[in-house]
Amino acid sequence: MPIVQIHLIEGRTVDQKRALVEKVTAAVCETVNVTPEHVKIILSDMAKHDYAIGGVLKLDAQK
Amino acid sequence: MPIVQIHLIEGRTVDQKRALVEKVTAAVCETVNVTPEHVKIILSDMAKHDYAIGGVLKLDAQK
Amino acid sequence: MPIVQIHLIEGRTVDQKRALVEKVTAAVCETVNVTPEHVKIILSDMAKHDYAIGGVLKLDAQK
Amino acid sequence: MPIVQIHLIEGRTVDQKRALVEKVTAAVCETVNVTPEHVKIILSDMAKHDYAIGGVLKLDAQK
Amino acid sequence: MPIVQIHLIEGRTVDQKRALVEKVTAAVCETVNVTPEHVKIILSDMAKHDYAIGGVLKLDAQK
Amino acid sequence: MPIVQIHLIEGRTVDQKRALVEKVTAAVCETVNVTPEHVKIILSDMAKHDYAIGGVLKLDAQK
């Protein structure tokens, strides 16, 4: 049942995403008593011009 | 008022999306007593490397 | 695979929600070529003081 | 703490997005008593074939 | 068209929420060239045991 | 930066939620190269009448 959505700044490799979903699924199963096949994970990549902290785009925050 | 967000594995045609939003809107109107113009639908396509079940990316699950 | 999230103004009965998830699932299956067991639906009820159109809370819009 | 997600029809320039996150952050800070660095904003662009009102895709609504 | 979802730690008054949706709607209209009636805002209150930074619940972070 | 939203069937204890956010944060840090303070997690509890698989509410699926 747990449905997990993870918003990330774009740029991670498929290998990083493989490890991410594997480890997050294990963490969820271990702590809220479900089995892996019930855990769904959606990854949402964000461009640096689509994320802001403190009113400043990530794109501009790194200049 | 109902706002519907549908996460789908990418690859559906615009025609499939046309039919999807039409039929889902009708289903919502029919069951929770609203009129069509109040129903908004957001479709979110996901790449196969951005969705996982049981800790395995959809990309890898089909190999 | 399709994951559907539906935001609704609170107040619908469980029977209305039963019909809603049944009809929306059928609409999704019929149009994007999946089978029912792959369709997950999350219903999110909203209080009238937690939804706004045009800068006015639903709570106030009905006075 | 406030996390804001804004779904927009695609096509806005980076400058428009700069102004959007700046002004929305100021609006949030001014009204719910937080400081800017605590406000996170995620912008989600939508293609016109991924948004519908009244069962009609935005793509088709403008023909 | 813009749909805004704002996640907040619970506890704000309805008056604060009134001001929040009014000012955020104005900020959106001013920067991405839409009129107020097209801006929808969903407010999602979170309990302090349902939000975490750095692996620590907000509930525990204030002890 | 990673923002994680986890939808769960309601009923978990605060202790389970403590362990969940701790382990998920560690899993994210370990795999996508960020430090804990950048990881935000939102937990969304769902009533059994607000989640459905295959067109059937979780509430009814257990009868």
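Order of writing sets the chain letters: A, B, C, D, E and F. Residues in each chain are counted from 1.
The working rule: a residue touches a chain if its C-beta (ideal position, glycine included) is under 8 Å from a C-beta of that chain, and two chains touch if they have at least 3 such contacts.
Chain labels with UniProt names: A, B, C, D, E, F = Tautomerase.
Please read all numbers here as calculations on a predicted model, not as lab measurements.
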Other chains in touch with both chain C (Tautomerase) and chain D (Tautomerase): A, B, E, F
Neighbouring chains common to chain E (Tautomerase) and chain F (Tautomerase), by label: C, D
Angle, in degrees to the nearest 5, of the Cα rotation that carries chain A (Tautomerase) onto chain F (Tautomerase): 180
Duplicate of the E-F contact set - from C-F, D-E or A-F, the pair where over half of the pairs recur: C-F
Between the pairs A-B and A-C, the one where more C-beta pairs touch: A-B
Longest centre-to-centre distance from chain A (Tautomerase), chain (CA-based): C
Centre-of-Cα separation between chain E (Tautomerase) and chain A (Tautomerase), whole angstrom: 21
Chain F (Tautomerase): positions in contact with at least two other chains: 3, 7, 24, 26, 40, 42, 44, 51
Topology of the chain contact graph, where touching chains are joined (line, ring, star, complete, other): other
Touch relationships between chains, expressed as pairs: A-B, A-C, A-D, A-F, B-C, B-D, B-E, C-E, C-F, D-E, D-F, E-F
Of chain E (Tautomerase), residues touching chain B (Tautomerase) in the complex: 3, 40, 42
In the complex, chain B (Tautomerase) residues that touch chain A (Tautomerase): 7, 44, 46, 49-57, 59-60
Complex contact set, residues of chain F (Tautomerase) against chain E (Tautomerase): 14, 17-18, 21-22, 24-26, 36-45
Residue ranges of chain C (Tautomerase) touching chain B (Tautomerase) (in the complex, touch as defined): 1-9, 12, 16, 19-20, 23-24, 26-28, 30-33, 51, 58
